[in-house]
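Labels for the chains are A, B, C, D, E and F, by order of writing; each one numbers its residues from 1.
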Amino acid sequence: MRIIDVHGHISAPLALYAYQAQLIASKGFHGKGRPACSAEEVLTASDAHRELLGKLGIDTQFISPRPFAMMHSQKPDKIVHWYTEHVNDMIHQQVSAYPDTFVGVAGLPQSAGVSPANVVAELERCVTELGFVGCVINPDPGEGDYATPPLGDEWWYPLYQKMVDLDVPALIHSAACSNPRESYSNHFITEESIAILSLVESRVFTDFPGLRLIVAHGGGSIPYQIGRWRAQRLQKKGEPFEESLRRLYFDTVLYSPDALELLLKVVGPDRCLFATEAPGIGSGYDPQVGRNLDDLKPVIEAVDWLTNGQRDAIFHDNAQAVFPRWTR
Amino acid sequence: MRIIDVHGHISAPLALYAYQAQLIASKGFHGKGRPACSAEEVLTASDAHRELLGKLGIDTQFISPRPFAMMHSQKPDKIVHWYTEHVNDMIHQQVSAYPDTFVGVAGLPQSAGVSPANVVAELERCVTELGFVGCVINPDPGEGDYATPPLGDEWWYPLYQKMVDLDVPALIHSAACSNPRESYSNHFITEESIAILSLVESRVFTDFPGLRLIVAHGGGSIPYQIGRWRAQRLQKKGEPFEESLRRLYFDTVLYSPDALELLLKVVGPDRCLFATEAPGIGSGYDPQVGRNLDDLKPVIEAVDWLTNGQRDAIFHDNAQAVFPRWTR
Amino acid sequence: MRIIDVHGHISAPLALYAYQAQLIASKGFHGKGRPACSAEEVLTASDAHRELLGKLGIDTQFISPRPFAMMHSQKPDKIVHWYTEHVNDMIHQQVSAYPDTFVGVAGLPQSAGVSPANVVAELERCVTELGFVGCVINPDPGEGDYATPPLGDEWWYPLYQKMVDLDVPALIHSAACSNPRESYSNHFITEESIAILSLVESRVFTDFPGLRLIVAHGGGSIPYQIGRWRAQRLQKKGEPFEESLRRLYFDTVLYSPDALELLLKVVGPDRCLFATEAPGIGSGYDPQVGRNLDDLKPVIEAVDWLTNGQRDAIFHDNAQAVFPRWTR
Amino acid sequence: MRIIDVHGHISAPLALYAYQAQLIASKGFHGKGRPACSAEEVLTASDAHRELLGKLGIDTQFISPRPFAMMHSQKPDKIVHWYTEHVNDMIHQQVSAYPDTFVGVAGLPQSAGVSPANVVAELERCVTELGFVGCVINPDPGEGDYATPPLGDEWWYPLYQKMVDLDVPALIHSAACSNPRESYSNHFITEESIAILSLVESRVFTDFPGLRLIVAHGGGSIPYQIGRWRAQRLQKKGEPFEESLRRLYFDTVLYSPDALELLLKVVGPDRCLFATEAPGIGSGYDPQVGRNLDDLKPVIEAVDWLTNGQRDAIFHDNAQAVFPRWTR
Amino acid sequence: MRIIDVHGHISAPLALYAYQAQLIASKGFHGKGRPACSAEEVLTASDAHRELLGKLGIDTQFISPRPFAMMHSQKPDKIVHWYTEHVNDMIHQQVSAYPDTFVGVAGLPQSAGVSPANVVAELERCVTELGFVGCVINPDPGEGDYATPPLGDEWWYPLYQKMVDLDVPALIHSAACSNPRESYSNHFITEESIAILSLVESRVFTDFPGLRLIVAHGGGSIPYQIGRWRAQRLQKKGEPFEESLRRLYFDTVLYSPDALELLLKVVGPDRCLFATEAPGIGSGYDPQVGRNLDDLKPVIEAVDWLTNGQRDAIFHDNAQAVFPRWTR
Amino acid sequence: MRIIDVHGHISAPLALYAYQAQLIASKGFHGKGRPACSAEEVLTASDAHRELLGKLGIDTQFISPRPFAMMHSQKPDKIVHWYTEHVNDMIHQQVSAYPDTFVGVAGLPQSAGVSPANVVAELERCVTELGFVGCVINPDPGEGDYATPPLGDEWWYPLYQKMVDLDVPALIHSAACSNPRESYSNHFITEESIAILSLVESRVFTDFPGLRLIVAHGGGSIPYQIGRWRAQRLQKKGEPFEESLRRLYFDTVLYSPDALELLLKVVGPDRCLFATEAPGIGSGYDPQVGRNLDDLKPVIEAVDWLTNGQRDAIFHDNAQAVFPRWTR
């Protein structure tokens, strides 16, 4: 059985980010243009990436744009669209060249203050033309302002509807953060927590029974603070919180064996999808255990209470179920 | 050995909150005034509270004002001062009446946009006149705006200096939240995480070696997401993150045995202080285990890898060390 | 003939305001909930109130929520609705228990920046289900911002239409004030003056001939400054200002005999409704005259130029005419 | 005995206002410049004014710039200074030409957000060089924003100090109003009320025993609403409100005999200064009484309970006492 | 052949600007009213103006309101309408009295933040009732804010449509400027440059082939910086910039012979309309050349490479073509 | 004699801008770090640049960071400092490798809302340690807001003082522009015009007689609109505007022979410094003249009225005089 990592990001050539810097500096004055790199450079930019996946025992990784660079709060919004289209195209180039290793997941040109209806065209292009199997939703396109309704709000329904129509799931993963009190990295955790709490109190899964959402980084703080939320539900006498929580999926991007085991217990192996986000923040050598922090395959294999079927589900089968377009 | 709960909040008579509502509605036009209740009503308001502590096997609880009601972002700031003084006085009344059961921890009249230098007088009053042994710091007196520097910033030094001078620790615990995307309850978790990340990157403990800070609710998301922060430190080649983390203390207000065990592993029993925040959100009956969610004493007793000395530290000795004024 | 006081406010148990404080602190996170008091406590909270009315010779008082506590500028607006519904329900409880003494006047869940169309449902509930006979309009739900159109603007027409449909009048009475230059108490006077000046220049009474509006506290500053406004009208050669003014009604809540007599002269006894707002700010003993400031019945009786018919109108008949549902 | 009117405003040539319009349009780009009129035109502009005073039986009027045109919220603040200097100079021209009829009262170049310390130079110039005897204070130089501390605040002390040093009083009189809910005309009344309430609660008269302040237009709403403020003071058990109120002076610019009589009763004839603000809003013929609304001399003469000494005080002696520089 | 100056502004009596100052100070409280001047004063206000035109050899001048005084950012917008209507009426009075000398060009009551649809009624009145032949567009009614879309945006289409329907051109000429870094005078130049660059990149002339726009003051900076914009177009491989530029017209209000000759070369004599803006900023005596700076007729006559036909076009024929209603 | 181009910008490797994009996305969370390129890549990035200079007959070019990418309005300001330091270091690397071709001109880490005192350290480092001979001043570090005082304001004096102390001049050249009505490219022109108008009205050259400032792109609009500004000065009867203007220097970056000749006439050859900004926006082939737009050496050689000495001054001697450190 193949080992599937559902949460990876493209290793792009520097030219992509130089292009982005120019868009931001010029506010789009030079037109859409294109990153200054050859098709070959796009592919060689993934060499170390693919090599690392091999070392980690990952057969296939689902790759999307690198989130903290999505620039969703930059204006004018056309530069967000241009950047997103180019990075999705680069993903497509790498996927086309290495179809066993990479599968495409679309970045969306979300823009602060603009309805999600504005991103469905790019999602449709990525899925129907480029063969992508899912997308990434940034629950906070304002990147640290308070202006965007949370994910349980009907404001997001145009996007959910298109996802259901195309039968693709989304990874919930925020981007940059302009709030000076919080790094983008911790903002990921904050927004994942907010996303979960909003969704479990909402009508979203009633209104879109076919919607599938994966919360990145093991669900922010929620599995750890689950007692707090179970308590609140007990007071409200509603459905147990842990049941509501299981309407969502979670990835395993937690570089701590204890935390990963906690996640598996709280939400169940059938709601967890193997993922490493490698190469990324976790790609450092951990002297405590003598391997990389993002070398998570042995970590999961070492959870002794998992059955073989549960391990297969985490490594492969859950991904197949959540991303049905992948197997087509 | 007595069981000490370091994180509790006063059960106050309704008159306190009616008084608060009147302050907010009148913006302080009626002057300071006082809550409309007798000294006896202040005491009887704690009857059920003390009874619950008995059921939970808690001998002594450190009580402070209920955080979400601290109104730190209300203006004019004089009404924050008035409210805080009255609630600290009520705590003093209950502590004086039930000295075995209750120990006072001061609320601070923090005010959005006002320097912490403005709260040291009330802290001093509570410690030197009322015999309180610690205080609660709200790291976000703006209650959901972005205007307050994080706890690692020198902006907070006047308060830290006074705490060191008085030899009292603080419980880090945020208050209300006006950001419509986040409840005050999740804001606690968010702010605890931000507080930790700011403090461990700061010079605070170098500049105030004697400062002692306890992060409420098991440290927000940090123990669960520790892999992420260890990874970042490995990249920066600094002190291991887990060592930095151990400059702080943590309470055990996590209503989940698995989460509590994770906390103990990550930060070590010598940095954990038993606490339940009872009566509070966790005071509901959990049908899964057949007792209250905040009945945490048996949970800790059931952690089989703890030594007796470690259990004593959690239940009692750590509190004694962190709150040296308590034993005086 | 019974003495009718058309401007009183409920004496509610402290639990109501404790409930309000909790709504503000939690931003509604705990759901609607309810004030922590028994039905009996709701009734006994009015004991001193009813006793005072007896002393003042008032047979029946129309009671509404206490205005400065209406919290119309608090967000989210759902907490305004919840609070308003509960306080209207408490009024209903007291009216039901003491039908000779109390008559219900509805508070409206007005919310800063939200159309008055949003309050007609609660008005309808109060009138048709609870038997209330009028309502209170806060002309400044922003509580000291500048965002609300004045009462002469068509923005208010959905509320006026419902009032006409239900055949109920409104008392114009503002609430809190966040402008630090002005107390809520003087803001009442300011807003009453602005309300009158906007209405007399508008098409409101042309568009709603059946609309009846009572301006609280003797009409703010207008009767005293009438020369100024007569002068302006003379310049514009329109209808004499004093005639326009007489499209409105006024209450007698002026704790000064001279001022009260001025009001009667300026607007005429047929436009004045007896009222004391007792118990309230005026419930203090005035050593100058040897009785309470709000003991206004003898003051009116002492106005020697009033006929008996005019006194009857002030004390009773005008109220009957303005609140036709009362007598049904 | 001469009849003195302490509240009048210059009748200036159109060129002054054309100059002002040009300053506002150009934001001062053309430099200070000067109004396009001759010295003679400045004088003839007062012809009808002086004639009217004669008809009203006024011997001498104290004239200041027309308040609603003081443009205190216009930026840059240099244009406010330029305009104020020119209008004060024009007053000086008229006073020099008609020294029996006119006495100069200085407009101040107050500017939104700028300390009153910035106006003392112009006040000093007007008093020491031009022979003016008082000044006008706009308590709201932001003209309808909320940014200026009220008159009881120490923010105003640099101006009060200079007034005491120069031994000149001030007339409190606001200017324009950009709040769309309120006309400048009613804003006068609002601000006079706010001014009084702030001053009587402040330490101003303790800190400046020699300070003399006259509240325009009969004191806004305060004499009419005095019961309300007496009640509040009774609750606070402080000095009776009516005593505090008598630290201020009041003019008689109330175009209503009943209101004027109320004022005299409430504050006492010794605190009232005769004034008409003629020519002004009140200069219309009132068919009810067959004379101008601002023909107030007979109104005061008709108050039968005034002694001759009191009438002399109102018409002349109080002005002499409050404006000691006038008689020098 | 008559010499036609297409860019002049009314010399109005001071009463107009005194009226404007009063509107601004009162925010329109006194109603529309009218400038305090007689019909004769309106006419004599133009005496020096007509004399100057004679000296400059100008037979006919098209006059509009003086732009920097248009007050487009003042609120409430009704005062902008009132002022504009009066100044257009005064132009009509002067045109009617001196039909050989003056031709009317309408000011528009543009208002910050209000759609241009709001000005078409006044444009229609001026053209159909008063016989005006064109209008002035302020591309920045916010007068120095950033809120107005540039002239290439569809936001302006309601106005363009009415201009085409009425067959009248517009002079592009901004008004005041509240940005403290820039005088209104340089803001003219800035806004003319922005206007050109927006229009040449837009679809405006495709969507309105009959639209005719004249850019004031020789086109801002564009003819001088043309190399920069030609370069940009060469990079984009679009229509040469100089061709796009020739979709616009330009006036000759450049008080420098070298600059004027540069303009003629860059845009061609067939796109230039003779204009002096006299009397105005250029009406000073230039000691270098021994005549007024705005004495531009001899300057153009001295350009030796112009043919007689080109000179006729500049002085007369282009105006006839651009303002077809003029000859009707 | 060598041909000196005083206005060029570094041709940097893509890694510099990829680094910049990462700083913006991460808000500096990853620390200063460094661009991902080798020393050799820094040098080869200038290959085409040096080749182009050879073709254009330029012997030596003064190079600074590319202005529109200076990111002065990005926050936190530490990322502006980091970026500026790296790009100055890259300039130093290229200058060290090609000392005949390149001379260093420092970019400054200006930051929106931060005093220029904050940039003098980096200027000193560049001049004393890296051997740079001048710097670039962005007159609008807010990049399109209105918050920065213009260059004539004392706010800029700390920087001017340091420039005089170090004996280095500055090129005035703005950066990006967030005002959606204006591209960064036209914002250059706007800001150059504002800079000139502010400086010529200021005391800067009186207070700093040794200060030398070069206005980029031929002085914005000012030489073309000089008649307008001469007129204004004639009205004010001050020093002739053309004399004031000659306190500044100007570069020849105008890709139009006619415009360039106008510049030479208006300000004089002794105030002009040869410059092309090549490679840049002008590096396109102009089919009209059969060479690049930025091939300006033959353009200046073709100005027939220039003496040889004037040509030498433009091409070389003026640069030597303005940049005295260059020849050291």
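Assume contacts are C-beta pairs under 8 Å (C-beta built on N, C-alpha and C of every residue); 3 or more make two chains touch, one makes a residue touch a chain.
Heads up on the chains, UniProt names are A, B, C, D, E, F = Amidohydrolase family protein.
This structure is a prediction, so every number in the text was calculated from the model and none was measured.
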{"item": "Pair sharing more residue contacts (C-beta pairs) when A-F is set against E-F", "value": "E-F"}
{"item": "Gap in Å, rounded to a whole number, between the CA centres of chain F (Amidohydrolase family protein) and chain C (Amidohydrolase family protein)", "value": "68"}
{"item": "Rounded Å distance, chain A (Amidohydrolase family protein) centre to chain E (Amidohydrolase family protein) centre (Cα mean)", "value": "56"}
{"item": "Length of the line joining the C-alpha centres of chain B (Amidohydrolase family protein) and chain C (Amidohydrolase family protein), rounded to whole Å", "value": "44"}
{"item": "Touching two or more other chains - residues of chain F (Amidohydrolase family protein)", "value": "180, 183, 185"}
{"item": "Arrangement of touching chains [line / ring / star / complete / other]", "value": "ring"}
{"item": "Chains in cyclic order, anchored at chain E (Amidohydrolase family protein), direction fixed by chain F (Amidohydrolase family protein)", "value": "E, F, A, B, C, D"}
{"item": "Footprint of chain D (Amidohydrolase family protein) on chain C (Amidohydrolase family protein) - complex, ascending", "value": "144, 146, 148-150, 179-183, 185-186, 189-190, 193-194, 197-198, 217-218, 220-221, 223-228, 230-232, 234-235, 254-256, 258-259, 262, 265-266, 281-286, 293-294"}
{"item": "Parts of chain E (Amidohydrolase family protein) lying in touch with chain D (Amidohydrolase family protein), wherever the complex brings them together", "value": "14-22, 24-27, 29, 36-37, 68-69, 71, 75-76, 175-178, 180, 183-185"}
